[in-house]
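The chains carry the letters A, B, C and D, assigned in the order they are written, with residues numbered from 1 in each.
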């Protein structure tokens, strides 16, 4: 939080270990250890992510079917993509799912973490309960929730058998709300991790801050809202990226719960990509769809990431 | 046990002509992982091991969607398997063109597969430019209507013998609180249903025009409109069917919750496990009891090119084994599918399987969707059909129009 | 606050003068809210687990007919035995046990390497910024959003070129690469929030890059290491796609067997075995969570018992 | 009149007893320093007074009001922390105002108090900045300001200078002392492990060890008449010399350690009875050297082992009666290793502790 305060930030190059006043070391060797340690990161970024992305983009202009082939067809794949009802529905679903998922993950994750942070009894037990779904594979998470949400033998039938005959709860079989059915399962699986992140963040906050707030007589909720949450900004950013990347890549859960149904009402972009590549055997179409995904992610993430990490400003 | 030993001995003799057996390991990738499937694969493995080679099993469940990335990665990564299951037909064309598979033509000519394999279309699917690249191992047919006797008894109507009777019985079924037609939510199930209805309602000629001739005009014809009307009926019948997997739907038929289900012959396994007897607890109507035709899809094995000549030899041995009579019998009995050669005897087959054999013997068969359309087109059909089946706001006319558009652009 | 209305549990109640521990009602409003909310949340999280466990203890006929919530009429552990030891995946009928050690062999080096690399990355980015670092970091963050499937073929090509395709080393590298974006971000942001004075003081004391990392940063970062471990152990243990694509049958991880048990498309679905297999597969991450969870201790530097 | 008083305080975390039967009275306007090494319970005691820790037994009064069960905010205290604990997202002004706004203090009043505090602490130019833009010393001023604006009678400092470098520490120390003088009738309780801070700031020092107060007295007494061997050893830099030996009081009282015999006629015994094994403590700075030693009641000749020049003084290591013995000489006097020198001291300024009880004799 207090990093790069402006007066003598380490990124000015002074951080290279011993710096001799008479004989300034060569630029390249300043921070040598830091640079050496960053080689894996640089290699990954350049070779895998940039290289892989460029490769994907190039092949999105081909009519590759089962194997990548360099037969260029211009924008045909993109034309087909944007004429596809399935793709449009996928994008719409991603938006709804993404926004709800972000909001609820944050609220639930933070509230649970804050409750666990009250020096309560059984903290270990509760934390394990909230976290365990994260250990289970998506395929089975999807299967179990598919059962629970099944109107014929899941929650709806149980509630009805208890006497509430008109109780309706069949999100997976109603095209209008199916995406929320998937959301329920996704939150079940993923909020535990968000909670852990928040908890780590809360535990990283100086104990004295809490004491100061108590001496100042600031109510608990105000302490959280005006002091603690702003201090947890780095953790929140991490959480946003983790949740958001999970959202963009959501695939298995949809396959296991609905296979994109009813009809194509719960299709998502990652599934569109996978289906195009490995079911339709139309790699070109899959690459075109992934290029669109990457492009939109890049448009949102790059400016944000640049502001967040690139500038010399401090976010203290 | 004794039967098995004899089988192995037979298998060994079959393989002999190819030369002295060498202990060569061959990794075989396939997606047969459930109980019956695995037992069937074991027959291949046993026969192969009996030749002195070693079958290294690489089972991965999930069908082509899972297997394809594995196969292609392994092959392009320079670490191919010895043999791999694949849907034959159009799907592997590109890999063949890229010269990645072993040419089996010589072996096929030597063993005279052309005369042995029935229907011949199976071998055609393995053929590209006159060369043979794969071994068909079984026939699965999707056009079956499975009916629950209990459901119709409860509704107080006789068990239908064809589609029209079935549709007529719907009000009684609804009255009795039954789901008339069980249908899982996965896209391929809707398309399977369409395929069956198309043969039953549209008839063979129309089917051929559209599927073989890719005739978009035929797809827009009034005859085809009837097919879509029937699909709309089916949609209404399946409205209350809230299940995901095909076997959950089959289970509805078993318990009598649903009147019937249109599903492939593999559904039979579910009835058997539930101790149901064909003709007594359930009925099966191939071609929906209207046109008793079945399309003959199935599984096939391909052999990626390997550097080691010993392994190449083992690959040919395996290919030869898979087609051989005793292995065909043993395999298909376990798998519950039909053999690819007409000259074998399946006494142990049950009622429904026998029906299938009869149809096969009578030559009333059609190529499968995999054989006539590319995976891309198939997926488009899947998506259209599932959208139509789950969204009552799409009219039969609209669906037919979109269908015809896909046919027009099909490859 | 509400001491005036509190029912005093101890003998101090009789005295007029407040003395000793502040009296607290066991069922204060605060506690009701805290434990009430936690319990409701716990039910939401446990309900599916209950269904899974109950299902895994039933026989197939009972599952076919019964209510998913009803407890098993007849408890059978056969699905568990089957899932672990006898479920067939193709020809190999030794259940999940077959891939267990493969999974261990894949997970341990992958988790260690990925956390090591990412924590050093994060540390370098937070405390030793060098020119251009942020560009690579931004690329990395964008990389977090790429669906794995898209990268399948490019990675195959890269691995083939460096001659590591099909080897365990190759798989470990792949896991390290795909774990890198999130983990680097995690560590970078955590290290950023550690007071700068500590870092500066160590610099003044002559500590170098690695000394500060090992002596100052690592000991202060236990909670975030726990989170990183949770993410990686889960991700790598449950990974199916990379395990199946980048290795061969000899080294298939447990998830391949799990997939084979759960995901068979044709034939009979044994839900009880599916559930048992899932729980068994999930046990290893669960144990890790439970053990490592103890490291979530408040205030490593500033404890209540200070001074 | 007592400003803060702690009566029979017990605190335990589970099985661990941190504070045991602790009593403390702090007068109005007094500056009390709690001094001890880490883990002695000094911060814990401060947190108990502040109400940040729930005590196990006992009572706490602040300004004659029983606050044992009160919330920290209602105890009439202000507190300053080692890590400053400023709210990082708020400006300096926001930090000062936040607590007051929550307490419902009027806008004008808040502005007035901030102005006063800012003037007092010379932080007016910093009011619009955020903590991240301040140096350590500035941050701690702000933290003090935050306590100041609460307009309370009791200030609690929890090692406020420990995170600062030596120069700033000395500056701020004076500043705090000045502040205490300016704010009449304000009680300050100050926790530190730094004896210089303690000696310079305190009206009285409470030396703590193992959850109990060892000695509570003014700095002069603590320094000159430590109550036990621990206190004697803790206070003073360089630390006190201890010679192991025995006290005999049959006839003329004297201390014997080997061939060294010290006449204790002028030593003000507090405990008249006990004889036997003891530790004889004499501070290095109380030892006369060379010619000056001649006038001392006790003199001896020692050999210089090690010389540590420290600028203003030089610390000399030697042996007396076979035991390590340090003394301080003026930095201007040349002393060299191996040289034999004469030293002397006044036994009346020494401290003798019983070997077993470690209490002052």
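What we mean here is this: contacts are C-beta pairs under 8 Å (C-beta built on N, C-alpha and C of every residue); 3 or more make two chains touch, one makes a residue touch a chain.
In this text, all values refer to a predicted model and were calculated from it rather than measured experimentally.
Peer 1: Would you kindly count the fewest steps from chain A to chain D, each step being a jump to a chain that touches the current one?
Peer 2: Each step joins two touching chains, and the minimum needed here is 1.
Peer 1: Work out per-chain C-alpha centres and flag the one nearest the whole-protein C-alpha centre.
Peer 2: Central chain is C.
Peer 1: Between C-D and B-C, which chain pair shares more contacting C-beta pairs?
Peer 2: More C-beta contacts join the chains of B-C.
Peer 1: Measuring between mean CA coordinates, which chain is farthest from chain B?
Peer 2: D
Peer 1: Can you give the whole-Å distance between the Cα centres of chain C and chain D?
Peer 2: So the centre of chain C lies 48 Å away from the centre of chain D.
Peer 1: Roughly how far is chain A from chain B, centre to centre by C-alpha average, rounded to an integer in Å?
Peer 2: 39
Peer 1: In whole angstrom, what separates the CA-based centres of chain B and chain D?
Peer 2: Once rounded, the distance between the two centres reads 88 Å.
Peer 1: Pull out every residue in chain A that's touching 2 or more other chains.
Peer 2: Where chain A meets two or more other chains at a single residue, that happens at 1-2, 5, 206, 208, 231, 274, 277-278.
Peer 1: Where in chain B do residues touch two or more of the other chains?
Peer 2: 66, 69, 72, 76, in rising order.
Peer 1: Residues of chain D that touch two or more other chains: which are they?
Peer 2: Residues 47, 71, 83, 158 of chain D each touch two or more of the other chains.
Peer 1: Name the touching chain pairs, please: which are they?
Peer 2: Per the contact definition above, the touching pairs are A-B, A-C, A-D, B-C, C-D.
Peer 1: Mind pulling up the chain B residues that touch chain C in the complex?
Peer 2: Residues in contact with chain C: 27, 30-38, 41-42, 45, 55-63, 66, 69-70, 72-74, 76-79, 245, 247, 251, 254-255, 266, 269-270, 273-274.
Peer 1: Quick check: in the complex, which residue numbers of chain C touch chain A?
Peer 2: 34-35, 37-38, 41-42, 44-49, 51-52, 67-69, 117, 120-121, 123-131, 133-151, 153-155, 157-158, 176-177, 180-182, 184-186, 189-190, 192-196, 203, 208-210, 223-224, 226-227, 230-231, 234, 237-238, 240, 255, 258-259, 262-263, 274-275, 278-279, 281-282, 285-286, 289-290, 293-294, 296-299, 302-304
Peer 1: Considering only the defined contacts, which chain A positions touch chain C in the complex?
Peer 2: Touching chain C from chain A are residues 1-5, 9-11, 15, 17, 30-31, 33-35, 37-38, 40-42, 44-53, 55-56, 68, 108, 111-112, 115-120, 124, 126-137, 139-141, 143-145, 147-148, 153-154, 157-158, 188, 192-193, 196-197, 199-201, 203-204, 206-208, 231, 234-235, 237-238, 241-242, 244-245, 248-249, 251, 270, 273-274, 277-278, 286-287, 290, 293-294, 297-298, 301-302, 305-306, 309-310.
Peer 1: Under the definition above, what is the set of chain A residues touching chain D in their complex?
Peer 2: 1-2, 5-6, 206, 208-209, 211-219, 222, 226-227, 230-231, 314, 316
Peer 1: Applying the document's contact rule, which stretches of chain C touch chain D when the two form their complex?
Peer 2: Those in contact with chain D are residues 1, 3, 17-23, 195, 197, 302, 304-307.
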